[in-house]
Amino acid sequence: MLFGKVIGTVVSTQKSESLVGLKLLIVGNFDADGKRAGGYVVAADSVGAGLGEMVLYATGSSARQTDITNNRPVDAIIMAVVDTWDVGGKTVFSKYESVDTADV
Amino acid sequence: MLFGKVIGTVVSTQKSESLVGLKLLIVGNFDADGKRAGGYVVAADSVGAGLGEMVLYATGSSARQTDITNNRPVDAIIMAVVDTWDVGGKTVFSKYESVDTADV
Amino acid sequence: MLFGKVIGTVVSTQKSESLVGLKLLIVGNFDADGKRAGGYVVAADSVGAGLGEMVLYATGSSARQTDITNNRPVDAIIMAVVDTWDVGGKTVFSKYESVDTADV
Amino acid sequence: MLFGKVIGTVVSTQKSESLVGLKLLIVGNFDADGKRAGGYVVAADSVGAGLGEMVLYATGSSARQTDITNNRPVDAIIMAVVDTWDVGGKTVFSKYESVDTADV
Amino acid sequence: MLFGKVIGTVVSTQKSESLVGLKLLIVGNFDADGKRAGGYVVAADSVGAGLGEMVLYATGSSARQTDITNNRPVDAIIMAVVDTWDVGGKTVFSKYESVDTADV
């Protein structure tokens, strides 16, 4: 899994039937130090994540191991909203207070 | 899933029998800001995407989770044509109007 | 799937029994513009591809979706020989005529 | 599998039900020479690894091949704590003595 | 599959039960021209490969398609020791004679 921030949304009407009802969010990658890393992924949301929230996402076949993504052509899923994470004994990110993390 | 634009087509007569009937399209990668990123993928089309359209594609085993790709040696699939996407509250791409996106 | 040119062959006598009878070819990566890209893959051949031919290959579990690779420890397969491909309305590669593509 | 050092922890209350009870650790990548490499992964722990320990982790569907991760949306797992590793006949890392390895 | 040279060994006592009995080797990546490339992988050995031998390894779920790795949390496997490989009509590597290949 990797850390990412929900930075955007996607609208699509012409899509595979198996995607109907899935919420697709754009997630920008973050490194372990809480800085914006290169790259992004469009992920299905399994936890009700909102814009600007820091999340964990999984990729590959593991993205299909939830009720909402089972047997669907989806290769990335948000499976957790992050409250806090620590590296080397200090808090890198906390959703409850302002921490020095790069914005979108 | 990642964003990409359909930039080309492939013709092959000498191929695995399991590929017969599949439409294969060349998709150039785009980043979340709507700019052409490096790289491409040749993907099977499950939604009737056309040349120049912005799409979402999935890779890996997830690419086989459609009726047309089930049990086939296909590792990338177009599963949606993108109408619009937003990042940070502004529209990055819209198929209905001209937005500043990099061409092929 | 990605484009690649068959650039070499491999000989191995000490190998997993499940590989016996498989032809393994070295495939150099090509980008969508028909130029040699970095990297290579050693792929099983499911279509009778020859040295110097431009092919499409798939990776991951999708490489096992053919009769010859089913249940084998193979993570890349050549599933098509490419006749031609077009990008942006012009022919990038054609096996029938000399086109400006990078050699091995 | 790759080498990594457990450098941090993650707390999440809003997550997929299938993740309940799993311990998620932040693992910083190390190269074969025992130096900190770029990148990290958030992995489920199957062996009781502790902060600062050098571990081996596996990714992709292989991360689900343990009792604790079976059928869960998890794409990385710590499956071993490393005692020592050797490259080219010399010990690169040993948990029992101080060896020149890059810190977090 | 990719080429790699067996450059080291790993010892772990605290590990997933499903790994007991597997030999894990450190494999340094080689490119198609026989030069040491960046990166490495820790792979299970299915063919009795020895230190210094050039091998082929497969990754992902394909690494579990052998009797010794079936249902185990292993994402890389050595499935062949390489005798020789040719690129562009000349021998890049031969285990029987000294060829200009980069050392570890």
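Think of it as A, B, C, D and E in the order they're written, each chain with its own count starting at 1.
Keep this in mind: a residue touches a chain if its C-beta (ideal position, glycine included) is under 8 Å from a C-beta of that chain, and two chains touch if they have at least 3 such contacts.
All values reported here derive from a predicted model rather than from experimental measurement.
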Target chain D, source chain C, minimum contact steps: 2
Rounded Å distance, chain A centre to chain C centre (Cα mean): 34
Geometric centre distance via CA averages, chain D-chain A, whole Å: 21
Shared-contact residues (touching 2 or more other chains) in chain E: 60-61, 63-64
Circular arrangement of chains, read from chain B onward through chain C: B, C, E, D, A
Chain E-facing residues of chain D, complex: 1-3, 31-32, 46-49, 56, 58-66, 69, 77, 79-88, 92
Residues of chain D touching chain A in the complex: 7-16, 18-19, 24, 26, 28, 39-43, 60-61, 63-64, 71-76, 104
